[in-house]
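Below are two complexes that have subunit A in common, paired first with subunit B and then with subunit C.
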Partner chain A sequence: MEKFTLALPSSSPPLEVIRSTICGVVSSGNLEILVESNPKSDVCTLVVNTSAHGFREIWEAVLHDFALRHPAGGLGFTINDAGATPAVVSLRLDQAFEICCGEAK
Partner chain B sequence: MTTADTSVGRWNKLAISRAERLARAKRLTSGRIVSADKIVELLEAVIESGDRVCIEGNNQKQADFLARSLVKTNPDRLRDLHLVQSVLALPEHIDLIERGQVSRIDFSFSGPQAARLARLVESKKITIGAIHTYLELFARYFVDLTPRVALIAAQAADREGNLYTGPNTEDTPAIVEATAFKGGIVIAQVNEIVDKLPRVDIPADWVNFVVQAPTPNYIEPLFTRDPAQISEIQVLMGMIAIKGLYAEYGIKRLNHGIGFDTAAIELLLPTYAAELGLKGKICTHWALNPHPTLIPAIEAGFVESVHCFGSEVGMERYTAARPDIFFVGGDGTMRSNRAFSQAAGHYACDLFIGSTLQIDLQANSSTATKGRIAGFGGAPNMGADARGRRHASPAWLRAGKEGRGNIEMPRGQKLVVQIVETFREHMHPTFVERLDAWELAATANMELPPVMIYGEDMTHIITEEGIANLLLCTTPQEREQAIRGVAGYTPVGMARDKRMVENLRDRGIIRRPEDMGIRKRDATRDLLAARSIKDLVHASGGLYEPPKQFRNW
Partner chain C sequence: MSGLQISFLEASARKRLIGLVDANSFTEFCPPEMRKTSPHLALLDIPLALDDGVIVGAATLAGHSILIAAQEGRFYGGAVGEVHGAKICGLLGKALTDRPSAVLLLVDSGGVRLHEANAGLIAISELVRSVLDVQAAGIPVFALVGGSCGAFGGMGIVTRLCDEVVMSEQGRLGLSGPEVIETVKGVEEFDSRDRALVWRVTGGKLRRAVGEATQLVDDLIPAFRSIAIKLTEKYQSQPLASIDLDSLLEKQAELVKRRARFERARDGLEIWQEVFSEPSCVPDMTVADFNRQLGVQA
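Our next item is the complex of A and B:
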């Protein structure tokens, strides 16, 4: 197991979309993402638990792009990964965001 | 004054040789029917060392009994054979090389035997003439690689030797025509001998011997993709293909590869494409094997016509029951023909789309990997611009305009598309600086690195990141960045010039799902018209009978 946490600057979504503490969970096969709110509205926190070693650089690139792509400030993501490809991680993050906050910009 | 020179042995050596061979076989049979226990002797009687031999090995149907029998012949009597056949699929094909009976091969595909073949090439036990496309090998049957002896497979024979191939006609007509009309000998293994055939696929006077095999010929279910294994990334890429390409260009005539990526597209036609109002506007005419995953689209009325290279195990009753869609004989069963369908895919289709293992920065694409000599079968003909094409269609003209710019002479181009996830299993990147094909060519001493689709033919690449339209790139640098720009988090993708990629996106050369109005939230398996093999059986009204290994109920 490898575990790390990133806190990335990201613009905030309209406040009304974060209605509850837990916005949602998306999961299937090899990936589970839990979305919660966090107190800092200009920071997106991402906790990664992954079964695969040695892909930190790719994880960071995927997560940086996600925080840039969406106004995800004030949201916290917990990602439990059992070997999903970067494509799956990106897609599930986008889906989790769309479920919580409506369509992407 | 001249007279026709008919002197024996000057102009009819082939006929004399054939007569001698047939004379040697006289003691084994009085007519065309040979009993199975005499077959090894028959092969030793009619084949000579140094002969070019085709052991019908198709994509699917295999002359397996005749292959097993050839392995039982005396290696001192039969050696230096030159195999000329589409597919080296059976272990016996390779056993013949190991036994020293085959010294040279010309073929198209060796999927299951690719690793053994590579070892034999490295140890110099075999010389490969070339790894052809199917159509290319058939072409050479009629020029310089004509078989002297063809060992073929059919479903049934009558007592005169007429053959019924059933839905899996595949390569048989091309092989038999070349062999029978150029002094060769044709031996057919059949599953049964009957009084009257449902239809005649090969006439008796092209066939020299028929043997009833102790077991039915082997057929590989190569085109069955279980919808249960289609991923959401494949759903997303399928949506991108349908909305960003098929709808955009109005693709009516096409050919699909055999992977899960294109199976996903087939299963999105009755759902996603129908919702977009595309029924009747895309995917009406196909050169395609009878893919079980096409059943829901056919049942939804999306499809008007499908011509098949071969058949598919379990699809026999379904294809027979849909004669308006498939090519079906007077007897009510489908007829396939690999040579004609390959020609159809090359000349009569506006688009080819398929998967691959590696794509380089010039967009060359290959499935070749080190330690495996596999070949590409028909993909290079499907995935190449047909430069001899002289009929227009809107899709073809638009692609030509995009690719050739403002040239004076109007000319179209085929759309050749690779659809790939940026990483394959075990985090192998699909996008690479240099194809493994180079290394394989060096170790196997090949004149050409085995490239499936050349970059100059490739028009679009689809990944989970979107579409790269290579037609619109004006410089090699733009092309490279367009490829990097959809290469995701692979090293090739991470090394992109971000500003240039954004510029390409502004110009529509790279299009992201959001640029096409595709909501990623919708990319779920719920969008597939069938999510299991059982769903396909239901969609077919019970006509599709999946092979055992695909049943889990």
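Our next item is the complex of A and C:
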């Protein structure tokens, strides 16, 4: 497993966090994402555990892109990945954000 | 298409569970935030799931209090590891003090998680004992089998212990899974890549026809929900029959008779011939037609 943590600046905290939420399943080519609120911080933290070694640069690009697109400050993401493609990771992050923060954009 | 018509087979364990119980009634025990992950998988340095592949908690079902577990078949085949098993055992143990109307197990599992070896095997034996304890306390336990992994190995045993076994046609139930039989006895014995054969032998329709499943329902979450409500209410008014030596001997005699009746059958088709007037139509039959021809009321 390759593990790393990123703390990314994000435009602003989401308007409202409905509840912490889990999205996706750990299975081949898929991943789970747990979103938790951390109101003390305005950065977006992401803890990545992935079975695919050597792809940190691509992960960072996908996660930066996500933090740019959403007001994800003050949220903590825990990601357990079993070899999802960047597109799947991006989709799951969007889903997780939407479930967690409703329509707040 | 209505948003409620969600396939049970295709839904995740979490979706199945939430769709089955009353809206906003579910309280999860050991939720993902608690990170009760498998220490064994961590040692092997392979991916973990924050819920270890099973969701357990309390909810209401048409107002009746229930305890419920749902296995996630896509996480290592829903296999039972130490933490996974302990979560379900803990739920069953809680049933003894909480006394819910029923315990529902949404089984989707190939059995023991072999990565965890003895810990997984022990978990299964603890589950067996826990189910029997709950039943001895007069609380019914239902298995709902409609996931892609079915109910095999130790979870096949646990499923058959339950007071009711609800299956969809897509669900499967057995002891040794098709791949295991092929590996041990050869492809001549069982061709695990022949999907039609696999379903004719282990699928919901066959299991219902021979009486191992007590209900056959459509592969829809609302269908599983309505039968679960019906069964919960049935056991409210009709207490569990206690298990004694006579009832076990009677059951054994029935099984001996069934074995003799189907001894020569090598395929589900041969069992259809015994049970249905038009056996070749069985695979395409709707669940409603199937239940009608079997002479049962859903």
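Methods note: the second predicted complex is superposed on the first by the 84 of 105 C-alpha atoms of A that agree within 3 Å, B and C clash if a C-alpha of one lies under 4 Å from a C-alpha of the other, contacts with A are read in each partner's own complex, and residues count from 1 in each chain.
One rule holds in what follows: a contact is a pair of C-beta atoms (placed from the backbone, for glycine too) under 8 Å apart; a residue touches a chain by one contact, two chains touch by 3 or more.
For clarity, every value in this text was computed on a predicted model and none was experimentally measured.
After overlaying the two complexes on the shared chain, residue contacts for A:Glu36 are found with subunit C alone; subunit B is out of touch. Contact with neither subunit B nor subunit C is seen for A:Leu68 once the two complexes are overlaid on the shared chain.
In the superposition on chain A, A:Asn49 contacts subunit C only, with no contact to subunit B.
Judged by the touch definition given at the top, the superposed model places A:Ile58 against subunit B, while subunit C stays out of reach. Of the two partner chains placed by superposition, only subunit B is touched by A:Thr85; subunit C is not. Those residues of subunit B whose C-beta lies close enough to touch subunit A in the complex are 231-233, 236, 421-423, 427, 463-464, 488-489, 494, 514, 519-521, 523. Looking at the complex, you find that subunit A touches subunit B at residues 28, 52, 55, 58, 61-62, 85-88, 90-91, 94-95, 98-99, 103-104. Subunit C meets subunit A in the complex at residues 12-14, 32-33, 45-51, 53, 72, 74-75. Put simply, subunit A touches subunit C in their complex at residues 1, 20, 22, 25-27, 30, 32, 34, 36, 49-51, 78, 80-82.
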